[in-house]
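Quick one: this structure, given as structure tokens, is what I'll be asking you about.
Order of writing sets the chain letters: A, B, C and D. Residues in each chain are counted from 1.
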Amino acid sequence: MYKDMAGFLENDRFAAYVGIKLLKVEPGYAVAQIEINDHHLNGVNIVQGGVLFTLADFAFAAASNSKGSVTLGVNANISFFKSPKGKLLTAEAREISSYKKLCGYSVDIFDEDRDLIARFSGTGYIKREKLEFDGEK
Amino acid sequence: MYKDMAGFLENDRFAAYVGIKLLKVEPGYAVAQIEINDHHLNGVNIVQGGVLFTLADFAFAAASNSKGSVTLGVNANISFFKSPKGKLLTAEAREISSYKKLCGYSVDIFDEDRDLIARFSGTGYIKREKLEFDGEK
Amino acid sequence: MYKDMAGFLENDRFAAYVGIKLLKVEPGYAVAQIEINDHHLNGVNIVQGGVLFTLADFAFAAASNSKGSVTLGVNANISFFKSPKGKLLTAEAREISSYKKLCGYSVDIFDEDRDLIARFSGTGYIKREKLEFDGEK
Amino acid sequence: MYKDMAGFLENDRFAAYVGIKLLKVEPGYAVAQIEINDHHLNGVNIVQGGVLFTLADFAFAAASNSKGSVTLGVNANISFFKSPKGKLLTAEAREISSYKKLCGYSVDIFDEDRDLIARFSGTGYIKREKLEFDGEK
């Protein structure tokens, strides 16, 4: 299982391109991190919303897919509370419900002061397929 | 005004890093586009949700800030309907409400077949500051 | 089919209790209306958010279930733009996507001046069961 | 303060009409409850989404307005995880962020088995006005 997850995560080329790292993953739980650089900023010099969303969505994918079935994000809602302080942002994804083919996750994003800067709520659709990475591109 | 917007958009380093282009911008309206490459894919070989979100959020920022005041995204909701076909994704942002300090935008994301693949709803908070880019970092 | 929908809608006891009427229903489309009275107001004398949500959710249910399969709401997002003027509120629900087991609807809520006061986005899960009301409680 | 809140809550005629009770309120925190009856059901005999939304929105209003300033809901997102069991539903609202004029709340809705059946995320806009109820209609 862990081997598959490693493959799954290595394969997420966008998360890698953006600079996201996976710190921890367990079934239904994951922690991801990013170090903010100049290329993560928007036109008013704060972290672009897409960076925060990508970080949270990746933590959601890691946590939900770690249960062994492909889970696709169907809907996501993100609230932005304040501008982050410091360079390091951490997202912590946690399953709050899983029932039949649907699951719900909550992802908290903290800045370096451990202030909650954004919260993401994700709804996933659980496919029957199992995650298989070996031999796949 | 247009000069300021150009500065605003040139300054959005994350959108540029991801490969997003602005095709059109008018007060309350914008169209942005991206050409999908391998580094935009996730672990199951489809476009990462963060790419779609960033594209939509950038179109929302362009449309809302084109009215002359800094507008910050407060909340965003995105529904993913289907996997995109083709290489080119287009996001069209449109103001649906603006009242006192709050505004609402809807952003539709289309694939190359012009199928609606995702819809983003953004809530913005309108700050009193005017956009001034000249001489700013 | 229409007979079933009528049953479905008669059966929605909460919508009836709140005072909602269905003006129009077609597959993937519905219009619902409510006349605001004192018992729809909240503690600061404006229409309670739950009234607007219930109106939109009912229009969403009418539109999505009119396609013949039971559709359950999985996620809904509502943005409130301004306080309504006048007594009559109208919600117009429209399918924006339907693919395999998931569908997306957008519901616009207008006041008597035909100003858009709120927008609801609903994600539905399409069950295999057909709607059958005859003989059911 | 408590007297004002009592007025605020007595004044929420829609919550009262629907049958919602406030069990607990502290600054930034509230618990509300409802006993489900036949008139809370929808066309497929489960609790109407509008009942759950109204319960959560009321708990959010109680918690956010208990801090002394009028707070208006700007956006709300609700995910429905499963059908409730039993008659009694409880919503617990908790502030997760408050910064300048915006606040974020999370509201969990539990059924009688204490299973989480839905989660509501609310974004509020904090007005400068203080809550004053005495002598008001």
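One rule holds in what follows: contacts are C-beta pairs under 8 Å (C-beta built on N, C-alpha and C of every residue); 3 or more make two chains touch, one makes a residue touch a chain.
None of these values were measured; they are calculated from a predicted model.
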Notebook entry, point to check: Quick check: more C-beta contact pairs in C-D or B-D?
Noted result: C-D
Check: What pair in A-B, B-D or A-D shares over half of its contact pairs, by residue number, with A-C?
Finding: B-D
Checklist line | Chain centre separation (chain C, chain D; CA means) in Å | finding: 20
Checklist line | Distance from the mean Cα position of chain C to that of chain B, given in whole angstrom | finding: 29
Next item on the list: Please work out the Cα centroid separation of chain B and chain D, and write it as a whole number of Å.
Entry: 32
Item checked: For chain A, residues that touch 2 or more chains besides their own -> 74-75, 77, 79, 102, 123
Next item on the list: Could you please specify the touching residues of chain D with respect to chain A in the complex?
Entry: 75, 77, 79, 81-82, 96-97, 99, 102, 104, 106, 116, 119, 121, 123
Next item on the list: Provide the residue numbers of chain D that touch chain B in the complex, in ascending order.
Entry: 74-75, 77, 101-102, 123, 125
Item checked: Contacting residues of chain D [partner chain C, same complex] -> 7-18, 38-45, 48-51, 53-55, 57-58, 61, 65, 70, 72-80, 137
